[in-house]
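Consider the two complexes below, in which chain A is the common component and chain B and chain C are the respective partners.
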Partner chain A sequence: MAEVIRVDSIGVEFSINQHYFHAVDDVSFHIHEGETLGLVGESGSGKSVTSLAIVRLLAKSARVTGTVMYKGRNLLDMTVQEMRQIRGGEISMIFQEPMTSLNPVYKIGAQISETLHLHQRLSKREAHDQVLGMLKKVGIARPEEIMNGYPYQLSGGMRQRVMIAIAMICNPSLLIADEPTTALDVTIQAQILRLMKELSRDYGTSVLLITHDLGVVAEMCDRVAVMYAGQIVEQGTVDDIFFATHHPYTQGLLKAIPKIDVKIKERLQPIDGNVPAITRMPKGCRFSSRCPYVMERCRSEAPAFVDIGERHYSRCWLSAAEGLEK
Partner chain B sequence: MSEVLLEVVDLKKHFPIRGGFFHTVKGHVRAVDGISLEVYAGETLGVVGESGCGKSTFGRSILRLIEPTAGAVRFEGQNILQFTEAQMRVMRREMQIVFQDPYASLNPRYTIMQTLLEPLEVHGLHDLATRKQRVRALLQKVGLDPSYANRFPHEFSGGQRQRIGIARALILNPKLMILDEPVAALDVSIQSQIINLLEDLQQEFHLTYIFIAHDLSVVKHISNRVLVMYLGKMAELATSDELFAHPLHPYTQALLSAVPVPNPKIKREQAILQGDIPSPANPPTGCVFHTRCSFADDVCNREVPPWRSIQSDHMIACHHPQVASPSVPS
Partner chain C sequence: MIKYIIRRILQSIPTVFGVTLLSFLLIHMVPGSPVRILLGNHYTPLRAAELSKTLGLNKPLWEQYLIWLGNIVRGNFGFSYTYDKSVVSLMFQALPHTIVIVVVAVMLAHVFAVFLGSVQAYFENTKFDQIATVINYFFYSMPTFWLAVLLVIFFSIDLPWLPSGGIVNTQLSNPGFGDWISHLILPVGALFLVSVAGWARYMRSSMREALLQDYVRTARMKGAHEFRVIFVHALRNSILPLITLFGLSLPSLLSGALFVEEVFNYPGMGLLYWDAVNSRDYPIIMGITVFIGLVTVLGNLIADILYSLVDPRIQY
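== the complex of A and B ==
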């Protein structure tokens, strides 16, 4: 399978009181055609910053390093005009809060066709038909009526459907979905996840799915990258991550969640402590301050991101066998 | 079964919708529409439902933070809805609440010590030295360093703030705690710390919890019994094990099957509900769920299903309870 995007060792630095701190550090991944990669992590782990760096939507004050190769070209070297052609046309995004992502004073139809006008030369009639077709595809009943309606008239789930319609209308190669269902109720979440799955299958779209919910990951993703404190700590297929978990942080996350599918009530095993502040990162491994298996070496030397099996990567001093045993 | 601590009888809260030239009442939002149940001493009753189902309004109506429209709330046999304000103030020592957003519920200009001393001052308990001692002891109990007492809320992380929120509710030694989405704003690794803390405190202080949440996995973990609400009404009430293993109400079944399970091996047939929750200002006739229910027929459209017992400890409001294969494999 061909690669759609390859992110190579990107770093993002923000300045706090004239000092630069790494919010994202040495993040690398790639996504194949039609594949869904999950980017999981807790708040502040750098998942959203990573995605914004890829499409260059970060403020100018942020320092971005590394390369983002898309169809043989580095997105980070493109001009503003070139980038505009990419965004919305080839790479599109959906955000968590569907209300704030839609313009409250424009009609739904106009907001969807805006993307079309920017990227394709179409007559009004053609654009109208395409928008109508897209609204039907995303499962909106009475699409004609909704096209002439405004965002406030729609429920949260419907708004997210409209956002998906905007993102998908130019048939992008990559869809970046940043917590697309976090603001929605579970029954609506199930509807939206199913829709995203169907669309990515029908259009062959690759998806970068950013989420904190391991249930959503298990249901949606082919491969997973787990982020902690600005770094990817483990990456592998969804089965690797859930059943051959290597990194102590990933293991901690999986143990910490209450499971709906177990009978016996066990005490939860939390990860002790808190995520370190960006200004006070531990010297060696960033997880060393909370890791139950911490060794002397972890506190002084940062581990590299190494392959511990077939394309299963982990950033930990424990060897492949040691990590899997824990 | 242990004694009944709280009895709620046909509790209703209808918010008036006003509008027009004379600001007349044009209708009502039936946020809570006839809830009756008993809460036993020492148990955890989970309350689940989607946003807008009235679960938070229910919690607040019990404490009279929102004045209920009708019904009765009996705490240890006394109907507190008939209490005067002064009586109610005394009563609130026994019933406390923890809110979702620990930052918004702490006064940013008060140190933690001031926040925790205030309830003791209001109720005129102990002298100052004893009060401070109590605060420090309690901070230790909820897993905070007592030397943090003179810091302000902004100096704490989300998880620590929720510990402070819990300490604030606990300082008066209440019997009943209403926990309104206490872990929804927290990251998973912190969420489990707080859930464990709540379980420990319940053991130690013999607390009774009403645990309101939308996260079914969390509710299943912590609750003895679970109430499922839909559009202000009770849909199903059963012990936690029973409800999650043998849900009978089609809504409960749909709700359970919608929860993504963190296990990629499980590929389930999901009963995905169509459409959105109807407006509580204009609820459907008959069974409020019939507009989204795949088993609905004429009866559901016409008649409100009675609240009935299917077996001991399993109540349901549905004309056509569905015995499904367990939606969650065990």
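== the complex of A and C ==
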């Protein structure tokens, strides 16, 4: 299958008191047509910054390096005009906060058709019909009425459906979903995830799903990239990540999930410590300050991102040693 | 909506009543009697007593107030002491002149302040923003009358481009439209400059906040042009504070044109008020004060109605 997007070694730097610090460092991944890639990590691991760097919506003060190849063209080299054509038309995005992501003073119908009008020449009638059809597809009852309503009249789940309608109406090749269900309650979460899955399948849309919820990953994704402190530390298929876990950080994440079949006396095992601030990154491996298997080498030298077989990658000295043995 | 407007008008009756009481009491507390000023050099105690009786000033204060209030309710604001005309006819003569400069200045100032504030917010902390801020504070902190005098010095005296006052050039046999416009430029300019300065500051902070909202990011992600992001998506959300200011500024501009009208000798409400105060012409002073009270109530009502037009979440 063809690649829709290939992110190659992108880095994002922010300036803090005139010094530049890497919020995202050497992040690479690609997504095939119709594939869903999960980008997993704690808060502050650089997931959202990575996604905003791809669509170039970071603040002007951010420095972005590397390449983002979309259908053979580097998004980071495009002019502002070309980039506007991409946004909403070819790559679209839904956000974490459905309550605030819609403009409170415009009608729902107008907000959805805006994307259409920005990318296609359509009559009002045609646009209206398309919006109506899209609202039906995202499972909104009484779509005619909702089109003439305002965001404040809708619940969070309904608003996220509207956001999905806005994102999908131009039939984009790639949908970036930044924690799309985090702000919703659990039953609504399941509905929204199912809706996204159906739509991406029907439209053949590739999805970059950003989440901190490994349950969501298991449900939705084909492949997973685990991020820690601005780097991808492990990448592979969902099976690789869940059943052939390699990186100590991923192992830690999996151990920290509550399971229903475990005895009450067994306690959850959190990963000790916090994600280091970008102003004080450890010199060697970024996880070395919290890793249970930390070695002398980890503190001084940063490990490379190595293939440990069948496109399963890990950024760890333990994996590197194993890779050499093979 | 109609119900709401009627309710608001009924609610404002006590306010207007309070305004009448206050303006009556305050003007009678001010030292100096109209009788003394009217008689001037012809003052004798006998004549003064006579005139007091004719004007009804010899009655007890509460009785004077009740008579005056009774007349107002019937739409009779009394008769001017100095002009020999009814207060209503004097106000009707002056009001159109004031409305012309105030409406033009307010419209221009609003449009320009919204634009300037928005652009400043977008280019926050750039050289452009900093320079605009300094200029804003310069005009904001400048007393209106002084600015008016400076304008006269620059544009009527040093550069003899524009007339320094009045509304027509009395030397022309047939003053036309252009002549009238040229008399409006300086008074409108003075009002415009002081209004823009404050409003642009409000607009800047309100727009700054709006540009950080999630829906702005959504608009960008749809592929909207930055111009559209600012002036379609963020603007309508950030303009509410300016509508409040509009409502509040209406009365102060109708009367606050006072200094501008005085400097430019412009025959509007402000000048009428000013002259009335100097000659202790009670009926005019109280009439205009009550009128300003009514405009205040009206301005707030207009602002509230505009709110509901701009923001669908506000319904009455």
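Basically, the second predicted complex is superposed on the first by the 314 of 326 C-alpha atoms of A that agree within 3 Å, B and C clash if a C-alpha of one lies under 4 Å from a C-alpha of the other, contacts with A are read in each partner's own complex, and residues count from 1 in each chain.
As a working rule, contacts are C-beta pairs under 8 Å (C-beta built on N, C-alpha and C of every residue); 3 or more make two chains touch, one makes a residue touch a chain.
Everything quoted here is computed from the prediction, not taken from an experiment.
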Fit or clash - chain C, chain B, common chain A: fit
First (chain B), second (chain C), both or neither touched by A:Gln85: second
Which of chain B and chain C A:Ser43 touches, first, second, both or neither: first
Chain B versus chain C as contact partner of A:Leu253, first or second or both or neither: first
Chain B versus chain C, judged by how many residues of chain A each one touches: B
Which superposed partner A:Arg121 touches (first chain B, second chain C, both, neither): neither
First, second, both or neither for A:Ser155, with chain B first and chain C second: first
Which of chain B and chain C A:Thr100 touches, first, second, both or neither: second
Partner chain(s) touched by A:Asp261 [first = chain B, second = chain C, both, neither]: first
Which of chain B and chain C A:Gly215 touches, first, second, both or neither: first
Chain B versus chain C as contact partner of A:Arg142, first or second or both or neither: neither
Arrangement angle, chain B at one end, chain C at the other, chain A at the vertex (C-alpha, nearest 10°): 80
Shortest CA-CA distance in Å separating chain B from chain C in the superposed model: 9
In the complex with chain A, residue positions of chain C that touch it: 213-215, 217-225, 233, 236-237, 310-313
Residue ranges of chain A in contact with chain C within the complex: 55, 57, 84-89, 92-93, 95, 97, 100-107, 114-115, 118-119, 150, 152, 163, 166
For the chain B and chain A complex, residues of the former touching the latter: 50-51, 157, 159-160, 187-193, 195-196, 199, 214, 216-218, 220-222, 241, 244-245, 254-266, 270, 272-274, 276-277, 328-330
Chain A residues touching chain B - in the complex, by the definition given at the top: 42-43, 155, 157-158, 185-191, 193-194, 212-219, 238-239, 242-243, 252-254, 256-263, 265, 267-272, 274-275
